[in-house]
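Please see the structure below; I have some questions.
Lettered A, B and C in written order, each chain numbered from 1.
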Amino acid sequence: MDSFILQTLNGISYSALLFLLASGFTLTFGLMRIVNMAHGAYYLFGGYVGLMVAKSTGSLALAMVSGGIASVIVGQIVDRLFIRRTGEDHLAQVLVTVGVAYIIGDVSLKTWGGDAQKLPLPLDLRGIWELPGGIIYPKFRVLLTLIGILTGIGLWFIYKRTQIGAAIRAGVDDREMVSATGIHVDRLFILISALASFLAGVSGVLGGAFLTVYPGAEWEILVFALVVVIVGGLGSLEGAMIGAVIVGLLDAYGRWLAPELSYFVLFGPMAILLLYRPRGLFGSVHIA
Amino acid sequence: MMGPQPALEVRHVTKDFGGLRAVDSVSLTVAVGERRVLIGPNGAGKTSLFHCISGAHTISGGEIHCFGNLISHMPEYERAAIGIGRTFQISSVFLGLTVLENIQIAALGTHERKWDLWRRPDQITGIDGLCRKVLEEVGLLDRSQRQLSSLSYGERRQLELGLALVNRPKLLLLDEPCAGLSPAERQRLFSLIKELPRTITIVMIEHDMDVALGLADQVTVLHRGRKIVEGSADQIKEDPQVREVYFGEV
Amino acid sequence: MTNLKKVLALAALGLMLAWPFITGDYLTGLMTQILIFGLLALSADLLLGHAGLFSLCHASFFSVAAYTAAILQVRYQVPVEVSAICGVLSGTLLGLIFGLSVRTRGVYFILVTLAMGYVVWGIGYRWASFTGGDSGVTGVAAFSLFGFSFSSPKSYYFVVLFVVSALIAVYAHLTASPFGLALRGIKSSEPRMRSLGFNPAKHLYVAFVISSVMASIAGVLYVYFNKFVNPVSASLHVSVDSVLMAIVGGSGSLFGSFIGSAIVLWLRNWVSTFIELHLAVMGLVFIAVVLWAPGGLMGWVHKVTSKSSREMS
């Protein structure tokens, strides 16, 4: 039983990380109809930048912020130079952003080497906490989960309750109408894109502490985030939340019960969904 | 209804989209060989009704019969085989292919050799002749090798009609076939439609009253998803409800 | 085909037949690889260029077929001919299952196939007790048929050339047939196709399975060339490469995939001699091709040759 609870907690903390990455991806698609396969590379790049900052300052907060900002900068460059030129052509977007991801990945490899590196945590975040019920769990993972939850609540609030959120939701459905009302759609897009990259960078830093940063991490985490999005439905925030929990838990249980075949576990929910609900739990019909 | 089986029988068909009722318990019966025109202001539900008949939409309630077959829940792609053909309001031809290829695809839709993985379409008996015939009928024979990008909009509408005619439909649903055409093109396409044999039953959505009146045996008027009036062209022209719907709303 | 095209085709065929005799083992090996990966690209292009579906899981069929043929022969001493056939069958079986993905379209399809492909890679990597993990399966024997062993680069080159040529001929018929035409119709307008009596889901599924057969054959050809197989063969890179090759050469054409394969493999070969960042260079090539030459090489050729024919009409 203890093991089960432990694995559940592992799953939940991984879900938090996945949500941070997947939410940006799904919002970018939901609002701007952009598929950005470089999202994982933003995670990687942010992670490495955060790694350097954490090593020199010892502060996780600084690392997160700098990782986030680094990703935002890269993201804006990629947007302007490349993604803008692809229009609505998803195929082109996928290929171009994969190309960008290759570039970022290779440059990162050259710059930071091929070894897996763990982000050093500040002293007061190392170690364990005792949770209600007598379970002991690493402090950092609890923090990660909290960050995930808070981000989720924050995004939810912005999305559902504010004017910006209303504009975003309207923009998802009808871009022309939104611009007709005087809201600067372009600025909105930049904001969303920056937010998504920031979250990717931050999750890279947190992932660096949780899992280590290594070449190839950008694809591994991206695939998981994509499964989250497929399960939850492209463009849906709630979908990203629930999808993240499902994928995170299944991954944890899979690794625990059948480590060699744990990837099968990823495939399971996807296959079931494909059979009964191809657009995902909360996806809308017109997107696919 | 006395006499032979109707071509189309729509009984209390309803189509809901979440909270919106696009088609509200519409009933109509079209006799074999008849020319029925559906008119009504924008948003009246005419195209939605067409989608219900052709199978593009699943109906929320009611029944649809076609030549005696109950087709209410028949998948869209099976309806071509029982003789339903249609055109779309927004030009729906195969861009990126030639005119001939467009017609060939249409010819293969209900053909026994649809699943041929080896021979070219023009090597299949009958396809060539069928394609030529239809291209001739819609006046595009000399354009058969052209890419669609080089066709005018009017020619695309002609092709659109051709695609629907290839399979010798028994029930032809035309959704504003002449929309967006110049007066000369409208004339041309319209006379094409008028010349179609009475073995084909035609139901046509039309915005232009005069066009409608020139063709129709009967006219059905829809408004906000409901059928409000039905009758001969002259009756409809004089009907006070129709006048209000068309002119009162301006 | 016009006379010019016929002459070019014959010249190309002549060159291909003479290749091992006019070049050494290294270049013969390179050309063998070009043919194998060109076939993989062609399999992906059946979906991309004709049906409009961008698949990122074709490396899975390639890899599973290779692993099956390898494991059967190396570990269970199953004769090469039988292992090869089983390889193709296993890749096809996977194709029958992954074909589920055609229930999605557009972006979803891309993501789903990417995830599926990754799962296969992950299993190849983690199920070390069966797949050999990181090191994969080594010591695969040379291809042999009824006792005749094709162990030299030259002889195996001709095996590959023969198989690939035969498949190209089949592919030519397939894509020119009503089935191929239907795929292009589906790519252009699915609603239209349904109204004409086609069930797009069925067509797409069949196309997917056929392309998995082709990718599996490429995988089997690969394993006898390489003499070993590891999880890299199932990686996203390989799937992305195959699509890139199809696009660079000209998606939707018969030979574009092979031209693209030649360009990409040669480029990679050449670039890696002086830069280590070859993936970054590939990334730049992607971006450049997609943004500035989306029709690929064949598309460019078409544009140039049809300009002159357009001027006549």
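Just so we're on the same page, a residue touches a chain if its C-beta (ideal position, glycine included) is under 8 Å from a C-beta of that chain, and two chains touch if they have at least 3 such contacts.
All figures in this text were calculated on a predicted structure; none of them were measured in a lab.
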Core chain by centroid distance, with centroids computed from Cα atoms only: C
Chain separated most widely from subunit C, comparing mean CA positions: B
Which of A-C and B-C has more C-beta pairs touching across its chains: A-C
CA centroid of subunit A to CA centroid of subunit B, Å: 48
Distance from subunit C to subunit A - Cα centre to Cα centre, in angstrom: 32
Where subunit B and subunit C are represented by their mean Cα positions, the distance between them in whole Å: 42
Subunit B: positions in contact with at least two other chains: none
Subunit C contact footprint on subunit A (complex, rising order): 29, 35, 82, 85-86, 90-92, 94-96, 98-103, 105-107, 110, 219, 223, 226-227, 229-230, 234, 259-264, 266-267, 270-271, 274-275, 278-280, 287-288
Subunit B partner contacts - residues on subunit C that touch it in the complex: 173-174, 176-179, 181-182, 184-185, 187-189, 191-200
Footprint of subunit C on subunit B - complex, ascending: 54-56, 75-81, 85-86, 88, 92-97, 101, 104-106, 108-111, 113-121, 124, 163, 167
Partner subunit A, residues of subunit C touching it in the complex: 54, 100-101, 103-108, 110-112, 114-116, 118-119, 122-123, 126-130, 236, 240, 243-244, 247, 276-280, 282-287, 290-291, 294
